[in-house]
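So, here come the structures, one by one.
Heads up, the next two complexes both have subunit A, just with different partners, subunit B and then subunit C.
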Partner chain A sequence: MLGLILAPIHHLRPVRALAATLRAIHELFWALLFLQVFGPSALTGIVAIALPYTGVFAKVYSEMLEEADRRPDELLPPNTGAVVRFIYARVPMALAPFRIYTMYRVECGLRSSAVLGFIGLPTLGFELDTFFKVAKFENVAAVLIIYYVLIGTIRWWLRPVLLPFYLIGSAVLLFSLGGPPFELSNLLRFLTSDIVPQPLRNADLSLASTWSAFWTWLSMLLSNQAWPGLINTFLVTQMALAVTMIVAFLGFPLIVPRLTGKLGGIGGNVLLVVGRSTPEYMLVYIFLQMLGPSMLPAIVALGLHNGAIIAHLLGRQAEAITPNLRPDAPKGFNLYLYEYVPRLYGNFLAYSFYRWEIILRESAIVGILGVKTLGFFVDGVITEIRLDRAIILIGITVLATFVVDWIARAIRRRFKLSMNDRNSKERALVEP
Partner chain B sequence: MIRSKRPSASRWAAKIAVAAIATTAFFSLPAETQAQQPTLTFSAIPNQDETHLLDRFNKIAAYLSKELGVQVKYVPMKSYAAAVTSFRNNHVQLAWFGGMTGVQARIVVPGSVAIVQGEEDPKFVSYMIANSATRLKEMKTLDNSIRGKTFTFGSKASTSGRLMPEYFLRQHYKEYPEKVFSRVGFSGDHTKTIELVESGAYDIGVVDYTVYNAAVKNGKVDTKKVSIIWTSPPYPDYNWSIRGDVEKTFGPGFIKKVQDAFLKMKDPELLSAFPRKSFIAASNKDFQIVEDNARKLKLLD
Partner chain C sequence: MSLISLTRETIGWKARDVLVDIDLHVEPGERIAFLGRSGSGKSTLITHLYRRLTAAGKAVSLIPQDHALVPPLSVFHNVYMGQLDRRSTFYSIANLIKPLKKEVGDIRPILSEISLEPEIFQSVEKLSGGQKQRTAIARAFFRGGEIILGDEPVSAIDEKQSARVLEAIRSRFQTALLALHNVDLARTYCDRIIGLKGNKIVIDAPAKSIERADIDSLYAA
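Let's look at the complex of A and B:
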């Protein structure tokens, strides 16, 4: 909702920066912070998901508004109020893409809320984590199946007509949940004391010694935790990106019937759907259980998940190429190498660079599971109840995300890479 | 064209309205829950697998409710930090903490006190356990045979699974554990540590000795694959801590009542939840050594 309000003013620099920052912090990091204030309640989950999604909606909606037909707007008398203009002339023209994108986001929301269970909110992830810990793998399988059914049937149960019922239903549910009471003092303490760097807390800010203590504190934090965390995050990111590209490259023919046959196409589809709809955090978790603690599971899992997403997009574009192939086109491997690959290569690179930033964010958060990326250190300082340090480490993650995004943008511009079909569903899949 | 879009626009408005109602409803909720009669909520650090804890601690809740004459509720926690934070935010008023988490909690909640500890807790120890494939022999004091192995702690905020072993390791080797071992991890809890060492994912791990002994007794660990190679010097560990302001809610003398309820707990089934033989009185200063060591390791400011 907030995203829609921000969308028309997204071109303003401060708003753009705010939205980018909200987006750059993964919902798990938001949740870790809000757990400190609201406890393991529904409120924590709602706020943790709502904040980054606000950032995403602001950006995507504003782009959709830009692309929408402007004629009704231009026809209005010049002294029409801005709000009226927005509601009656601009929004209706972009409603169709809004709806498709919002539907897609509901699916993302399901994924996110399942994942929040791993850090203590009572969702599917909570059950999964519990059953894994006691090695009841049959129950793990059951939870996963429930999850796939939920995601797989989304187009049947998520109907616009039913939305009001869902909203009222969730309001009723919230009433009945109870949960720990909300206390304003906790929020105030969090904002005014917890997140203030420890040397500055209750200290005299005019004294030079306060600031030198702050400097020692900060440089210790940066050199002992932020720096190693950042290096590991980049290592995981780059290797995962490489795996992503390999998976995408080898994976997309799976869903092109011309290459793998009809049955192969169906099988490939199932494989890619499982790969892309299992939340990356869950995949890393499962691979960690199977491969033991190291960077490897994170790299493999992130690579598979992101690779499956890109493979799916490329496969669909390959399908669009198929009818235009020459009648004497080669078959099999040659067809793949000489017809499909050269035509899709530009898109393949563009998608990979789009996912780069996302992979970085994901690499950071999987640290919570024990891989020593930034998330590992964030989890560590939260265990020590040092939220001031957590804020700084999360801030560094945000900066790293911006840097990668900026490089990726520069590269895309330089090589004139763009995704050919920018309809909203496709965009939905590549952007955060 | 535009006309056909109108209904969806009004649907949007309806959605916004419903969402607004839902939000206000949600924020007005706490006031109602507070109006009910006060409930004492307690928790425990998740030092073992949690399905196990839920069942046993619900029995403790029933016992306390009978002894104290107020409603008592147990809420499970996913992490050590969550237990401390809930105590701090007054979402729980009473908690079974480890030495380290107890110290953290009492620092952030002024006026809170440690009231009871297990009979075993003043002289608690950690076991260092190793996978049999490492062929490590039991050692009286730490030596160089364990250098270069892979090693796992328990939770980052565990006393027996992290703080005290790290303290002893650093005192002996004069180096960070990361330098002594080829890889250092945090399993999350003691049950997980035992599993990871048994499977060989890590060569060595440190665990709470009561959890390890209970696992051996219940046949949860294959002693052909795992053996104890070192026992740490003794230190104080687990305790029940309570917020000072409970007496405002439940009346003066309430802290003493809670303490007495634990001291006279004799049912072995209840005590096995911890697992402890019995409870004895405790005070904040019993855990001074834990606090000092946490400061030395820079885990506390």
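Let's look at the complex of A and C:
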């Protein structure tokens, strides 16, 4: 909702920067911060998901408005007020893509909320974590199955007519939950004291010694935590990107029946659906349990998840190519190499670069699970209740995200890579 | 004072001049039909005149060729948008949520006049081509003003209906500038005919004195 309000002013620089920052911070980081303020309550979960999603909606809605038909707006009487103009002639024109995208986002929200369980909120992720810790693997399987059923049946239970009931229901549930009482003083302390760098807290800002203490504090933080975290994050990101590209490249034929046969197509679909609808964080968690703590599980899991997403998109485009193949087209591996790959290669690269930034954000947060990326250090300082350091580390993550996004953009422009058919669903899958 | 006064004017889009060296003067109270083959520049001229008159602060209504309706909204709301500038923001938001009695009362008679009254609360995306066109006409009627500009305003409506719409345009607006494709309608309901061909105005004469053969030459290759 907030996103919709921001959408028409998204072209303004400060708004765009705000939206970009909101969505550059992963919901898990938001949740870690707000846990300190609101405790493990539903409010933490809601705010943690709402903030980055606001940033996403602001961007995507504004792009949809941009692409929508403007003629009714242009025809309105010249002195019509901006707000009325917007709700009468602009929003209705983009209603259909809005609806598809919002529904898709609900699915993402479901995933996010499950994942928030891993850091202590009582959602499905929490159950999964608990069962893993006591080695009740049959229960782990049950939780996963519940989750897949929930996601798989989404199109039957998520209907626009039912939305009001869900909203009212969740509001009622929220109030009945109780949870730790909300203390305004907590929020104030968080904003005015906790996040202020420790050497500056209650110190005389005019003294040079204060600033030299701050400088020592900052350089310690940067060299001991930020720098190694950043290096590891990039290592994981780049290796995961490589795995992603391999998985996508070899994976897309799985859902092209012309290449793998009818049965293969169905099996491939199931595989890719599981790969892309399991939250990356959950996947990393499971691989960590199987392979032990190192970067490897993170790389494999992120690669599989992101690769499955791109493979799915490429596969669908390959399906669009199939009817246009010449009748005497080669078969099997040659068909893959000479007909499909050359046609899809540009899109393949474009998608990979779109996912790059997302993989970076994901690499950072999986640190919370013990891989020594930025998230590991953020989690560490938060456990020590050093929120001032957490803020700086998260800030560095945001900067890294922006840098990667900027490079990816430059590369896409340089090589003129862009998705040629951008519908709402596709945009949702490829972009954050 | 002339409403419009163009002298040796060139009109067109960035790369392409659609009309070159146009002379056109329009007095208040005139009813003009623009005739010509498709692509002869009628739409360009109408759009240009609309911008010019609006910029000059005149009260102008436009029936664009593509209708420019908002498909998910009802006929009522699309028509209401003709007066969106004359209502407060709060009032218009309320009216969007639930159509207000006063507005429904004002819009209903306009729709009856062009036989669209039963569809008042239908969403526009469910209408036929002719009904959409009549919605755009109703919006222009609701907007009102001294001048109406219409780009093929009756192209999707049958002959009998067209006659009624053009009659209504005559009675509602002092000045009318209409691009038409039906020559007989143009001769009956307008008093001046302007023919466009090959980037130029080739006919500009009172409807009564014009010969059928002259008009036919507009459409010849």
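Note that the second predicted complex is superposed on the first by the 432 of 432 C-alpha atoms of A that agree within 3 Å, B and C clash if a C-alpha of one lies under 4 Å from a C-alpha of the other, contacts with A are read in each partner's own complex, and residues count from 1 in each chain.
Throughout what follows, a residue touches a chain if its C-beta (ideal position, glycine included) is under 8 Å from a C-beta of that chain, and two chains touch if they have at least 3 such contacts.
Note that this is a predicted model, so its numbers are computed, not measured.
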| item | value |
| --- | --- |
| Touching partner for A:163 - first (subunit B), second (subunit C), both, neither | first |
| First (subunit B), second (subunit C), both or neither touched by A:342 | neither |
| First, second, both or neither for A:85, with subunit B first and subunit C second | second |
| Which of subunit B and subunit C A:323 touches, first, second, both or neither | neither |
| Partner chain(s) touched by A:95 [first = subunit B, second = subunit C, both, neither] | both |
| Touched partner set for A:76, first subunit B, second subunit C, both or neither | second |
| First (subunit B), second (subunit C), both or neither touched by A:36 | first |
| Winner by number of subunit A residues touched, once subunit B and subunit C are compared | B |
| Residues of subunit A contacting subunit B in one complex and subunit C in the other | 72, 87, 92, 95 |
| Residues of subunit C defined as touching subunit A within the complex | 54, 62, 64, 66, 68-73, 77, 81-87, 89, 92-93, 96, 143 |
| Subunit A - residues contacting subunit B, complex | 1, 35-37, 39-40, 42-43, 72, 87, 91-92, 95, 99, 118-120, 126, 129-130, 133-135, 160, 163-164, 167-168, 170-171, 174-175, 178, 180-183, 186, 198, 292-294, 370, 379-380, 382-386 |
| Residues of subunit A defined as touching subunit C within the complex | 71-72, 74-81, 83-85, 87-89, 92-93, 95-96 |
| Subunit A partner contacts - residues on subunit B that touch it in the complex | 2, 5-6, 8-9, 11-12, 14-16, 18-19, 21-22, 25-27, 29-30, 33-34, 49-52, 77-82, 84-86, 88-91, 104, 108, 152, 155-157, 183, 185-186, 188-189, 191-192, 195-196, 199, 201-202, 299-301 |
